[in-house]
Amino acid sequence: MERKTRRNLRERFALKNSIVKEALAEFLGTFVLILFGCGSVAQTVLSRGAVGEMLTIHIGFTLGVTMAVYVAGGVSGAHVNPAVSLAMLVLGKLKLVKFPVYVLAQFLGAFAGAAAVYGLYYDAFMDYTNGILIVTGPNATAHIFASYPGRHLSILNGFIDQVIGTGALVLCILAIVDGKNNGAPKGMEPLVIGLIIMAIGVSMGLNCGYPINPARDLGPRLFTAVAGWGRDVFSAGRNWWWIPVSGPLVGGVVGAVLYLLFIELHHAEPQKHLEEENSVKEKKCRKITVDGGLKCKTFEELSRSFDFRSLNMK
Amino acid sequence: MERKTRRNLRERFALKNSIVKEALAEFLGTFVLILFGCGSVAQTVLSRGAVGEMLTIHIGFTLGVTMAVYVAGGVSGAHVNPAVSLAMLVLGKLKLVKFPVYVLAQFLGAFAGAAAVYGLYYDAFMDYTNGILIVTGPNATAHIFASYPGRHLSILNGFIDQVIGTGALVLCILAIVDGKNNGAPKGMEPLVIGLIIMAIGVSMGLNCGYPINPARDLGPRLFTAVAGWGRDVFSAGRNWWWIPVSGPLVGGVVGAVLYLLFIELHHAEPQKHLEEENSVKEKKCRKITVDGGLKCKTFEELSRSFDFRSLNMK
Amino acid sequence: MERKTRRNLRERFALKNSIVKEALAEFLGTFVLILFGCGSVAQTVLSRGAVGEMLTIHIGFTLGVTMAVYVAGGVSGAHVNPAVSLAMLVLGKLKLVKFPVYVLAQFLGAFAGAAAVYGLYYDAFMDYTNGILIVTGPNATAHIFASYPGRHLSILNGFIDQVIGTGALVLCILAIVDGKNNGAPKGMEPLVIGLIIMAIGVSMGLNCGYPINPARDLGPRLFTAVAGWGRDVFSAGRNWWWIPVSGPLVGGVVGAVLYLLFIELHHAEPQKHLEEENSVKEKKCRKITVDGGLKCKTFEELSRSFDFRSLNMK
Amino acid sequence: MERKTRRNLRERFALKNSIVKEALAEFLGTFVLILFGCGSVAQTVLSRGAVGEMLTIHIGFTLGVTMAVYVAGGVSGAHVNPAVSLAMLVLGKLKLVKFPVYVLAQFLGAFAGAAAVYGLYYDAFMDYTNGILIVTGPNATAHIFASYPGRHLSILNGFIDQVIGTGALVLCILAIVDGKNNGAPKGMEPLVIGLIIMAIGVSMGLNCGYPINPARDLGPRLFTAVAGWGRDVFSAGRNWWWIPVSGPLVGGVVGAVLYLLFIELHHAEPQKHLEEENSVKEKKCRKITVDGGLKCKTFEELSRSFDFRSLNMK
């Protein structure tokens, strides 16, 4: 399209309000995560394992997170997970006013992603289920969208599972984006953050399939509730549904605190010097950008600027 | 060979015309994609699963795209897919006059790639089929080259499948090469773009095997039509052949528009400043290069210069 | 949390003593390695292969090492393996006084990681074993935590296996972090170092499951001894336990010496020039940092600074 | 070890002669390739598929190449394959006098690597074969070390297979290290070059297992001939042994010529300017290095300097 058209589009529709931009990004990122993630479960279940297996499901969620972070990373920090948003809030890296907006966008994105998977495989669902959408038993399909506990699992162990899993997730994310540690290079974080999901999938998937994300679990579960699977999606597994909501919120904070206490707190921080440096940087940058924000193209920033919005700037 | 020989070669054969160069690159890139992609299906089918499985087929197409982008990326942008070219055209990132040339080169490359796979495995084809090349049934081999729908799939759901799959492909490509988002570093885009294919393969492969590329599907299908499989390759699956041609074209545009509306449109764009910067850059660069184009070695360009030919320069 | 709170935390708890910081990092890194690594074995064994296989175990240890290096790399160099620490000591890249501290932290981290895996899968362990934790036989679970030799394996061949495996590990690590060779870029070393584990896992896993790390093997073995598996964990396999402790220590040194003799020794080293450069660097840096250490932001360091603490600085 | 000791070592043993250094690097690189590659076949065959499968074998050779390139890349360019060396010779990127030295070192490295795999799994070989080392039949083990053709394969198709496979390998390598195309970033080439092997393994492995490297195939075959498998290793498959020697040599040159004609020849080359730039660079660098070679630390070189010794400098 012509440059002019594009400028017109921009003038009419471009959002000045950063919180709305970020909400759109969180929505689209979580949508992509669920599209690839739950899509890979659907492919495996609906083909009765013929064109999918545990490993391809792990790959689906791994690359779902990777692509989600590419889609939303530069705009909202790509939390795509309320547990990550809560951890960032506790660490002072997300403003309180943004927290409910992020979480709502994540839930809506996950709900929409589940709907897209259902549309993608509508014929396959009808073929597999003869139109009877059920939650338990050999022809169950509800676990395509949300987690259900293994038979061996108690509620307590399930909660611990979600705390450990989400703790590991947030701890590793913080390490990967920590510029004072051995952080991933700019633009490769999405891949490496995705690989945390793979690590968790192969090691912590046996109990209940590593939801470790309240939006990823509850959003699609709500979709199944309204799309024909009914209330069983909440009552199954001794009302399991609230464990993958509450466990990750606790686990994310635990992981963040552990990383802070074991690693981040002890980084040398030449506070005074940094402040000087920042004021210099600010001066340089005011000249360069016109949008009110600070965007400098020093090498250091280029290589370390991915920071979940405000990791180093708070 | 001697430097002199090489200079002679260059003087005689080097193409001054950029559109022919780009056509050669699109041809070779699509050839490589099909060689690795359809080769991996051939290996799996002809060994009856003994030295191949769904996952190795996903790897074949994933790395086929990755290698295609390394081969053609710096010359033509490595669309290797008419649906990507059309999306770029609609976004104003590919000139109209180049579009038919790109598409033709892609189809020819895919046709040649299919022929190479047939040559590579000629003995295996004869051994497997006893020389009878058929499209359906347990000894069918046509699906090595082109997609055929699953039994459960309606034409409508097949079309939706191709729109969603190609939409996801283009949306993720645009995110990965978007320098104002969390884009992949220069030289790593081929790997990350390849991983989109893996994500689609594990999550959207059940309906018809994720063609999501008119050249990748129709080119090899034409090869099978002339190489001995006959007209059935078009009539099978209720004339399925036109779905993986039309669906991706629609899907690519849908994905591009979604990325534009949700993300790209809202990037801060200090228009005036950028224009100034460009004019400065232009001055510097005129000094440096002699081929009429602009090639600057500033760090920013080095880290972000992969742009599907003109992503930031239109 | 508020900047003020954070500064308070820092003032109260931040460790000035670098050896304690490094011990914390080695502890947490080894903990993460075991959590993902032994977790992936537990998932495979306790599901009787339903949600795990050899490949997912390889992925577990591969990404366990990758995440461990992200967690600890920038602080302690992320040896997370006494055999690596010993090799670094012999190469003069780790101070003697730090060696026992590193090794102790690694053992404690591995012990704690094993405990976390046991907690994560407590219900699954009880379900699988009916509470009877045994070392050998079809319902054995001790090999989730530590290595046991295959039936075909003699003690001598087992020792050679550990020497070759750990030798390959250390040789490849040294190549990957060697800035004068074709080293991995800053921030990507954790991924590439993890891939050494994958290479070893697919090629050297048949004899006894590639422990190649005294802490990874003996730490969790000690956990099983106290957690209910009893003394059999030491006596099984003709007192196998000491082979994966002694073999790696020898192998790591062998690998380091081989890399030194074949590659590192022959790098051109303009000794005098480098010393000059260093003194210049030192001057610049003294101005920049306040913590006594030297941290320069030249590009070269940024791209090559990961060096197991002192690879180029000794 | 003390700095002094190290300096002593260097004074006594460091090689001034670059061709000997490069031979050592090629030897060690090819050794590592075979150790991981043939090791992964051994693990799969000797466990009768219990701890290995086609995919882990592909991973073994993929990461074998990756680690080989990390080990030797910065010294010799890490050809680790006579077909690659011949292609470089034809392209004028390897001196004629070095060619036989490289090839000899590659063969010796491959032979030594095969011996190491035999040592690693000596007990497992004895257990599997009862000491009878045979080339064909259900208990054959010779194919752990060298390629043998599938039953369906004619000599002609086998030769074509090796030409196509090695052609694809060299074509992709040239694209990946081509700084004027979309080349891989410095330090990531080993990983991406390894992935070519994966692409070939999943798509071209059915005929004879993708040797595509005379040293990788003939070196270990010679080992089996002397280690107890006897002359059958040469006579089997209608004297198959010379196909994976001659085919790759032809294929490598074909791939190089194709890349030259389709892509490299048409890159804009502002000859004059580059020469000026080089002379400036030379001046700067003479100051910096003392070993007669040119090693500059400009950013451009850092990001693009991996060049199979002389890709851009001839």
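Order of writing sets the labels: A, B, C and D. Residues in every chain begin at 1.
One rule holds in what follows: contacts are C-beta pairs under 8 Å (C-beta built on N, C-alpha and C of every residue); 3 or more make two chains touch, one makes a residue touch a chain.
Fair warning: this is a prediction, and the values are worked out from it, not measured in the lab.
The set of chains touching chain B and also touching chain C is given as A, D.
The chain with its Cα centre farthest from the Cα centre of chain C is B. Fitting chain C to chain D on C-alpha positions gives a rotation angle of 90 degrees, to the nearest 5.
Shared residue numbers account for under half of those found at the interface formed by chain B and chain D, and the copies are therefore classed as meeting with different residues. Distance between chain A and chain C, defined via averaged C-alpha coordinates, is recorded as 28 Å.
Averaged C-alpha coordinates give centres for chain A and chain D that are 40 Å from one another. Multi-chain contact residues, meaning those touching two or more other chains, occur in chain C at positions 55, 185, 188, 299. Because contacts link each chain to exactly two others and close back on themselves, their graph is best described as a ring.
According to the touch criterion at the top of this document, the contacting chain pairs are A-B, A-C, B-D, C-D. Chain B makes touch with chain A in their complex at residues 54-55, 58, 90-92, 150-154, 157, 160-161, 164, 168, 171-172, 175-176, 178, 180-185, 188, 192, 195-196, 198-200, 202-207, 258-263, 265-266, 268-273, 299-300, 303, 314.
Chain A meets chain B in the complex at residues 1-3, 5-7, 9-10, 13-15, 21, 24-25, 27-28, 32, 35-40, 42-43, 46-47, 51-53, 55-57, 59-60, 63-64, 66-67, 69-75, 78, 116, 119-124, 126-127, 185-191, 288-291, 293, 297, 299, 302, 306.
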